[in-house]
Structure formats: structure tokens, C-alpha cells
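The structures considered in this document are given below.
Okay, so subunit A shows up in both of these, paired with subunit B first and subunit C after.
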Partner chain A sequence: MTGAYWRSVSFSSLQIEEWGGEFTVFQPNSGKTHFLNQMGLHILLCLDRAPTSEDEIFVFLTDQFQLTLDQNFSQQTIKTLHRFDELGLIEKVRPESLT
Partner chain B sequence: MTVGQVPFGKFIALLSDSGLRVRVGPFNIRINTKSVTLANHIYRLYESYKLAEDEFAEFHVQVIVVHPKRKIFSPHIRFFVDGHSPFPPFPQEQGLTALEWGINLVIAARVSHLLLFHSAAVERNGQVILFPAWPGSGKTTLCTALIYRGYRLFSDEFGLMDPDNGDFFPIPRLMPLKNESIQVIRDYLPEAILGHEIPKTLKGTIAHVRPPKESFMRSEETAKAKWIIFPKWVAGSSLSLEPLPDSEAFLLLASNSFNYEVLGEVGFQAVTHLIRTCSCYKLVYSDFDDVISAMNDLTD
Partner chain C sequence: MTEEQKNKQMEQREVKASADKLSENKRRRLIKGAVAIPVIMTLQSGAALARTSNLVGSLEEDIPDDSTHVATQDLGNGKRIVCAHPDDSEDQSGAPPYDLGNAPMGHLEPNFDSNGNALSLNDQANNCRGGGGLVISATAFSSFDGRMAGL
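Now for the complex of A and B:
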């Protein structure tokens, strides 16, 4: 089980400013400004490299932040992915399009 | 030439006929009314406003006496801007309030080339302090205390910023004190010039402060901001001026702007630049002497 695949949307168009470990992200497509913590930004960076499965995202994040991968962490991360999807920052990728 | 230098007869004629054109910060506004009561208030309180005769006026506002059908013996007034009335009628004695709120609305709704913060702004030693805050936070009262103690008024309502270069524009205007603040200022600043008290407005009793003449005389001198201070008056509190993380200041400032989202990327870049070049604080106070002393220390 690898979960859904995700990828970033127009990552290169985002304007990102760092404020001591927090980030303001201006999204030209929507005209909105989002406030992200380090983990949120790492998700976007990860998904900008290549479409990534949820399981791979969990592993990437737990490695980056030296956290334990458990169900609570997975659920929180999936919530964040769906929130980013609503904001138009990322989108789900159909598995067949990956081949 | 200022309003106060116009003979009263000519002033009344202008106001009721072709309109009185005054300079309001970076804008010219043409005011027209036949209400003699309102004319008297404007003549006294607008004394230091610069005239903008023969200049283009961005906004044309009118205050007209009307007789609502259900209140035929109780004249009301309506505010119009470019022929449209954004408010229901006001009782006639609230004419000045209607005019001032109307001008606020016009600026907030129609100015799109500048970044507009809902903020008081004052200047000392060539640099601006912004006090962004929502209604009811006491920013007009704080602003009044500061401008009668040596600070130059930019505005008690709008931080008007040129997003291209970060310059702030002064827009000195009457400042509406509300309810208890009126007596507080009368006690603390007996020299302050206040207009008549206007009871039973939507925001309670209002009295307008006439800013010192110097603020009007220097209303074309722009300046850059150096401090962004989010103020809160808390009864009985001792003064506290704590640094605010830049990320939090960004969030508060952007959400406090009238047109941040409308300006899109320009707004984002302008707020980013503003936060990067300013020191940001959270201020809690209750005593004017304390807060003026703290602001003086900061701006010396």
C-alpha cells in the first residue's frame, strides 16, 4: 500500500519568503498568500521534484524532521495534503499517468 | 491658501454652489452642501485644509438635506459620492459624521494604486510609526495624544503606502473620538481643538479632533515607515512593548489591509519589503505619559 500519488501545481510560480523558519507563499493563480511551517514547505519541495506517493512522503518527512512514523503522523500529513489540494498548491496524480 | 483664509461668505457660496475643493493628502475632494449647519462645522474644523481651487478633484461628494416620507418634519441628510449614496439617511445633526465616514469609504473603496492599511500613522524625526488596528482599539485616541506631543499626523485611519517605493503619504483629516475617549482627551489635552459632540451615531457619541496646523502644512512630505506597532489599550495595564515575530506581523498587517489581495503580487512584495525594513512590536498601555515616553525613546 503506497497511498495516492501527489504532485505540486505551478510550484515555480510561487513566491516564497522565509521568516525565521516560517514561510509566506504567494500563489499568483489564486492571488492568495499562505502561511506555511517548515514541514508544509518541505511537502511542496518534495512534490515539486516528482509525483510522490503518500507513503514516500511520510518517509521523506520523518527522515527530514527525525520523527517517528505512526498513524497519527500519517493522518495529520494526509490532512495537510488535502488542505493543499483545496488551495490548489498540489494535486492528485492518477497512477496510470505515472507510467 | 487654506479654508480658514477664505471669507465665510465666499466659503458658503463655494460650498453650496460649485463645491469647495480641498486637498486631502494625495487626493483632491470637492465637497458640496447647502446645509448651513454643516457648513459652519466644516469652516471651523477644516480651517487648516489646503484649498485645491482649479485643480482636478478625484472625488466629488455631496451632503444633501432630505425629508424622508415617514419623518417629513424631521430633516435628514444623505451623503452622495459621484451621484451615488452608499448610506441610508442620517439625522441632520450627524452631517459631519456622514461626510467624514463617506470620505473614508470613498478612499477605502476606490483607491487602488496605493496599498491601504487600516492603521494610524504618525511621523517623528523623518520616520513613520504605523499603528495598525481594527475599530475600537483606541488608535485614534493614541494618535491624538501623540500629535499633540510633537508627532506629525499622517492619518488616524489609513496607512497609505506607495507599493513601488515604500513611501507613506500623509492624509491628515479630522479624527473622530468616540464615547469615553472624548472626555479622556479633553482631560489630558485641554489645548486640543474638538468639534461639537454628535450623540447617537452608529458608533455612539463622536467629537472630531482638529489636527495641529503643522500636519496640514507638511501634508506633501512623504516618509518611510520604520516601526510597525500593534496597539491595545487595556485599562489599568502597565506599559508593555514587546517585539513581534516578523511572520506574525506579516499576517496581521496583510489581513489588516483594505486592498492587499486586490493588489496581488504587488501587495505581497510591498508587505514583504515593509516588514523586512521595519521593527515590529506589540504594545499594551493604559497611560498616555508612559506610551509617549516609550515612543519618544523608540524614535529618538
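Now for the complex of A and C:
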């Protein structure tokens, strides 16, 4: 089980500014400004490189931030992925398009 | 300074150092906690904030004639209560606050009855409420900055 695959949407159009380790992200497509912590931004960066499965995202984040992977962390991360999806920052990738 | 006083002073220093250390650890836990889950918050646009400014509460209390809290206007014939109209096309299920919609509407209550008797601000307020209107504060009224139609 690797979970759904995700990829970023129009990442290059985002205007990202760092504010003391946290980030404001202006999304021209929606005209909205988002506030992300480091982990939130790392998800976008990760998905900009290549379509990534949920399990791979969990491993990437726990490795980057030296955390223990548990159910609570996975659930929180999935919630964030869905929020990113609602905002049009990322999208699910159809499995057939990966092959 | 006696030996006892010296010992006491030393103990106090140790307690303070320990407290400082605890406080520092708490701060570290807080910082680590903040980064331990991904966070995204979307800032409201200015347009959305402006839109919510058409939400108002209503004054339900008795209005004394010397009230400066309630919204009134004097067109030269005495103070009249500003009676705002909730917008029926908006969802008012969460009221209060009431939604006055994109184009806030209102009217000035008459300050005389049909027999020519003067009406107090409280009488005017009751007439406004009786007709489904809202008695609003002067502060709320000023936030519309002349954008309330019908006055």
C-alpha cells in the first residue's frame, strides 16, 4: 500500500517569501495568499520534483525533520494534502499516467 | 554573610537556573511542536474582509433619548433612529449577526406618530424592530461610510 500519488500544480507560478523560517505563498491563479510552515513548504517542493505517493511523502518528511512516523502524523499529512488539493496547489495523479 | 545565608543564596541560584532551563525546554518543545506537522493557513482577501463588514448586530436594549450609542440622524427635525434592513436574499440562519448584503439598505424611523405626537428614540426603536428592521449602533452605521441606501 503506497497511497495515492500527488503532484504540484503550477508550482513555478507561486511567489514564495520566507519570513524567519516560515513562508508566505502567493498563488496568482486564485489570488490567494497562504501561510506555510517549513513542513508545508517541503511537501510542495517534494511534489514539484516528481509525482510522489503518500507513503513516500511520509518517509521524506520524517527523514527531513527527524520525526517518528506514526498514524497521527500520517493522518495530519493526508489532511494537509487534501487541503492543498482543495486550494489547487496540488492534484492527484491517475495511476495509469505514471506508467 | 553567614554560612547559612551563603548556602541559601546558592540554593536560590540553583532553583533559578533550573527554572530557566525548564522554560527553555518548554520553548524548544513548542517550536518543535509547531514544525512537527505540516501547516497551511490561507489569508483572507481584502474583498472578503470588506464583505464581512456588512454583518451587524442589533441593539435589543431600551434606547434612552440621550443615547450616543445608537445610530441616529437628524435632518433638522429631531433625532431619528437608523433602521437597517437585513437582506432576505442572504442566509440569516446564523443571525445575529445579521447580513445586510452587498448593498446595505435602511430607513429613518419617523419621530412623530400619525397624530403628530413626538416619538422617543425607544418608541422609534420598537417601531423599527416591529417592522422587521434592525436597530444598529452608531459604530456599525459609520462602518458603512455612507454606503447605506434609502437614507
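Structure notes:
Throughout what follows, the second predicted complex is superposed on the first by the 99 of 99 C-alpha atoms of A that agree within 3 Å, B and C clash if a C-alpha of one lies under 4 Å from a C-alpha of the other, contacts with A are read in each partner's own complex, and residues count from 1 in each chain.
Going forward, a residue touches a chain if its C-beta (ideal position, glycine included) is under 8 Å from a C-beta of that chain, and two chains touch if they have at least 3 such contacts.
Treat the numbers as computed from the prediction; the structure is a model and nothing was measured.
Bringing the complexes onto one copy of subunit A puts subunit B in a clash with subunit C. Contacts of A:Leu61 after superposition: subunit C is touched, whereas subunit B is not reached. Look at A:Ser10: by the touch rule set out above, it reaches neither subunit B nor subunit C. Put subunit B and subunit C next to each other and count what each touches on subunit A; the higher total goes to C. In the superposition on chain A, A:Asn29 makes contact with neither subunit B nor subunit C. Within the superposed three-chain model, A:Gly20 lies in touch with subunit B and out of touch with subunit C [touch as defined at top]. Looking at subunit A, you'll find residues 24, 31-33, 35 touch subunit B in one structure and subunit C in the other. Partner subunit B is touched in their complex by these residues of subunit A: 15, 17, 19-20, 22, 24, 26, 28, 31-33, 35.
Of all the residues in subunit B, the ones that touch subunit A in their complex are 245-247, 250-251, 254, 260-261, 264-265, 268-269, 272, 275.
The touching residues of subunit A, when paired with subunit C in their complex, are 24, 31-40, 42-43, 61, 65, 67, 73, 76-77, 80, 83-84, 87. Within the complex formed with subunit A, the residues of subunit C that make contact are 34-43, 45.
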